[in-house]
Amino acid sequence: MLLQLEEVHAGYGAIEVLKGVSIGVEEGEIVAVLGANGAGKSTMLMTISGINRCRQGRILFDGEAIQNRPPHEIVQRGISQSPEGRRIFPRLSVRENLEMGAFQRGHGNGLGDDVERVFTAFPILKERQSQLGGTLSGGEQQMLAISRALMARPKLLLLDEPSLGLAPMVVTRIFNIIREINRQGTTILLVEQNANMALHVAHRGYVLETGRIVLEDTAANLISNEQVKRSYLGG
Amino acid sequence: MAARRKILFHWSFLIVAALIPLIELVVPGNHHIGDLLRPIFIMAMLGLGLNILTGFTGLLNLGVAAFMAVGAYSYAILTCDIYPFRLGFWSATLITVLVGLTVGLFLGLPTIRLRGDYLAIVTLGFGEIVEDVLKNLDSITKGTQGINPLPSPSLFGYQFRPETYQPWYYLFLGFLALLVLVNRNLQRSRVGRAWISIREDELASSCMGINPMKMKLLAFALGAAQCSLAGALWASYLGSSGEPGNYDFQVSIIALCMVIVGGMGNIGGVLLGALVITGFNSIVLETLTNFLKAHQIINSSNVFTAPGNWKYMLYGLALVLMMRFRPEGLLPSKQLKAELHPQEPHPPPPS
Amino acid sequence: MSGSEIFLQQLIIGLSNGMIIALIALGYTMVYGIIELINFAHGDLFMLGCFAGLTLIGLLGLDQAVAGTSGTWIGLILLLLIVPIFCGGLNWLVDRLAYRHLRESTKLAPLVSAIGVSFIFMNIGLLWGGIPMKVFGFGRAAAAPKAFPELVSNANLLGQSAVEFTGKDVMVFVVTLPLMALLTWFVRRTRAGKAMRAVAQDRLAAQLMGIPVDRVIGQTFLIGGGLAGVASVVFAVYNNTIYFQMGYRAGIDAFTAAVLGGIGSLPGAVLGGLVIGLARAFCDQYLETRWTNVLVFAVLILVLVFRPSGLFGSRAKEKV
């Protein structure tokens, strides 16, 4: 297992959001986590990234406990996140946004090559490289957010709702990119509302309901699961 | 049951306070605890006024000394012989309170929409402007001399005299008790609950049908009125408006210290804060200085050994340490404690 | 002096003092940009810098030195190196000890804490003046203003002209302008500077990128404090008197400048500093000195109430 959550509890103030979540991600997989609004998906990713406190339980990465380590250390260990709502630095240029993604690695270590690789994959970002991040379109911002997270050269990439607010055409494009990233060797943990798309790229999936995992299966089985169909695939 | 015990507690406080001058009369010796308590009463009133703004409503005000100055100067103008008004104590005090109310409204109207830290700076600026204007408009305010002499009040047929402190003591104690009563009732009223809900969550409170602007404005007006009452009483006792420098930024911060050290939003806490902070200044430091001087441990030419020279350090430390370790104050109000100790960090929104 | 000469003179005074105000304002605006804290103690930090400078002069034995000799030049350079380190380090330390623990609490808690720090600094300044050194009058009148020796010549560079433009004016610009250029370069081009802007724009996203946010905030305090330290030296050399309560005034002027320029904006702070410097100089001359402070406060209040994003354009284009 590359990543393992064992009975993780987390929350805000008196509210407990995650009530003992256990999931595992194997090296090389794409794992999708489905769940309704407010189920705790983002909270889970933020707890992995060290932003939210893990109140109980353990998070293992490469066999080492990483819960409640500072966020920058988690990035250093090889987990980076493209957060919900993208959160591009609005007044940094596209290129500077990418540089920030590589912050933990320092300026030397092949930064220029990585930027070039991103630009080859996303020519539109190359065109916009000196434009301010806040002026990009939603789809461009999403590409930037994913690329920015990749700049850390993560072993595990956390993606929180990469399809949020994008047109269907762009969504397909983004998911193709996700598949391609995975093919090149990055393990991905994907949180999505768009269950259909998510299950089509993922190998396995979990269903999170009000802070608990209620279902776990291969993506193919989940797609044909009646309960999943009803709740997340729109019939 | 608890409420009743609390009332009993408050009454016993009042009775003890009321007995102090009598005990001093009976017990032989030269003591002046009652004398020293008077400024504490005045500062407590100032603290209660600030508490409405900062404690209840959550609006940080860094210029309450200016409200006090407004009170002192308008009382002085209304009573001093050199002006045409020459009012008596009650009517001058009443008008002063109304002036304070108006000034509070005047300052509040354009500023209550501002975010918390900007509002704090605006009130600071207001305080400085009032101080400077009082200094500069010397044809009216007599500049740094202040307006004086003011006639000592004559109440219920009794003529107050500067030399005998007991009548002043009871006058101030009476007003303080009155303010405590008013503030308690305010706190429990619909208005008080609205203030507290604004402090906790302005957005949510406006969804509950509270008009935050109106309520904040009311807090400004009532807070300012109380502070100016404190100013009026102080002027009546001094027999002078005092000079503008008596109402500078440091006084505002001392009032803030009282509210924060005692416990924001808690009336008992503010009284305790007044006792600790002002008492520290006028009793502990002074006694210590006199003691050290009498025993020739210090001489006046060495700055380090004079306790008075450490005053601001202690006020500053009080603020820093309270914020760090006990932001709810020594006697916290319950809701505020829950508010100030969130168990989890909240991810900040994107700017 | 003719009317135009008077005008020119006030212009020079206003610009020189404005540049000093701008240096202090930069420290306000950087800290506000990154953690939205009005660092109330910043003015008093500047004051302590002046005291540190005077102490250093005493230690170097420069209190009787004649302006223009090699000793004073070396002294000035030493001051410009050491005092900023002192102020920057102190600012960093205060963030570490006091403000860092308040990051997640209400916004008013760090402000109240900063007011407390300001009082502590002011008290330290009072006691500092009581140190029995020659430069402090052997500590006999701790609270009294202290004379700061003339490290730079006061001779008029314009020869016989009634308008005075001295070596001190030159020094102000020679020190501040390159420093501002350096700061701009740092914030725009270096990795640390970009990280500062990233933290200012979205702290959570910065954390997710692996930027150690607390360290970056600490660096901001360090640099902001360092700028205040440079301002201390330049101010003291330019004006030749320091006293323990000067931080409050200087702080208000600088904060007003920062607000005027749009708090969070670096060029705004510089522009705001110049405006305040000029406004003070012209008010002193053409209105009345005693109304100058009222003018500054009125500007502060009016801008906060009516143009909280500053006078020059939209809110904080280049934050931090």
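By letter and in written order, the chains are A, B and C; residue numbering begins at 1 in each of them.
In this text, contacts are C-beta pairs under 8 Å (C-beta built on N, C-alpha and C of every residue); 3 or more make two chains touch, one makes a residue touch a chain.
Treat the numbers as computed from the prediction; the structure is a model and nothing was measured.
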| item | value |
| --- | --- |
| Pair sharing more residue contacts (C-beta pairs) when B-C is set against A-C | B-C |
| Chain centroid nearest the full-protein CA centroid | C |
| For chain A paired with chain B, centre-to-centre distance based on mean C-alpha positions, whole Å | 54 |
| Geometric centre distance via CA averages, chain C-chain B, whole Å | 33 |
| CA centroid of chain A to CA centroid of chain C, Å | 44 |
| Residues within chain C bordering two or more other chains | 201-202, 204-205, 319 |
| For chain B, residues contacting two or more additional chains | 342, 345-347, 350 |
| Chain A: positions in contact with at least two other chains | 51, 87, 90 |
| Residue ranges of chain C touching chain A (in the complex, touch as defined) | 191, 194-195, 197-198, 201-202, 204-213, 317-319 |
| Interface residues, chain B side, partner chain C - complex | 58, 60, 62, 110-111, 114-118, 120-122, 125-126, 128-129, 132-133, 135-136, 249, 253, 256, 260, 301-304, 309-313, 315-320, 323-324, 327, 339-340, 342, 345-348, 350-351 |
| Chain C-facing residues of chain A, complex | 49-51, 70-72, 74-76, 80-81, 83, 87-92, 96, 99-101, 103-104, 106-107, 148-149, 152 |
| In the complex with chain B, residue positions of chain C that touch it | 36-38, 98, 101-113, 115-124, 126-127, 129-130, 139-140, 142-143, 200-205, 248, 252, 255, 259, 290-291, 293-294, 297-298, 300-301, 304-305, 308, 319 |
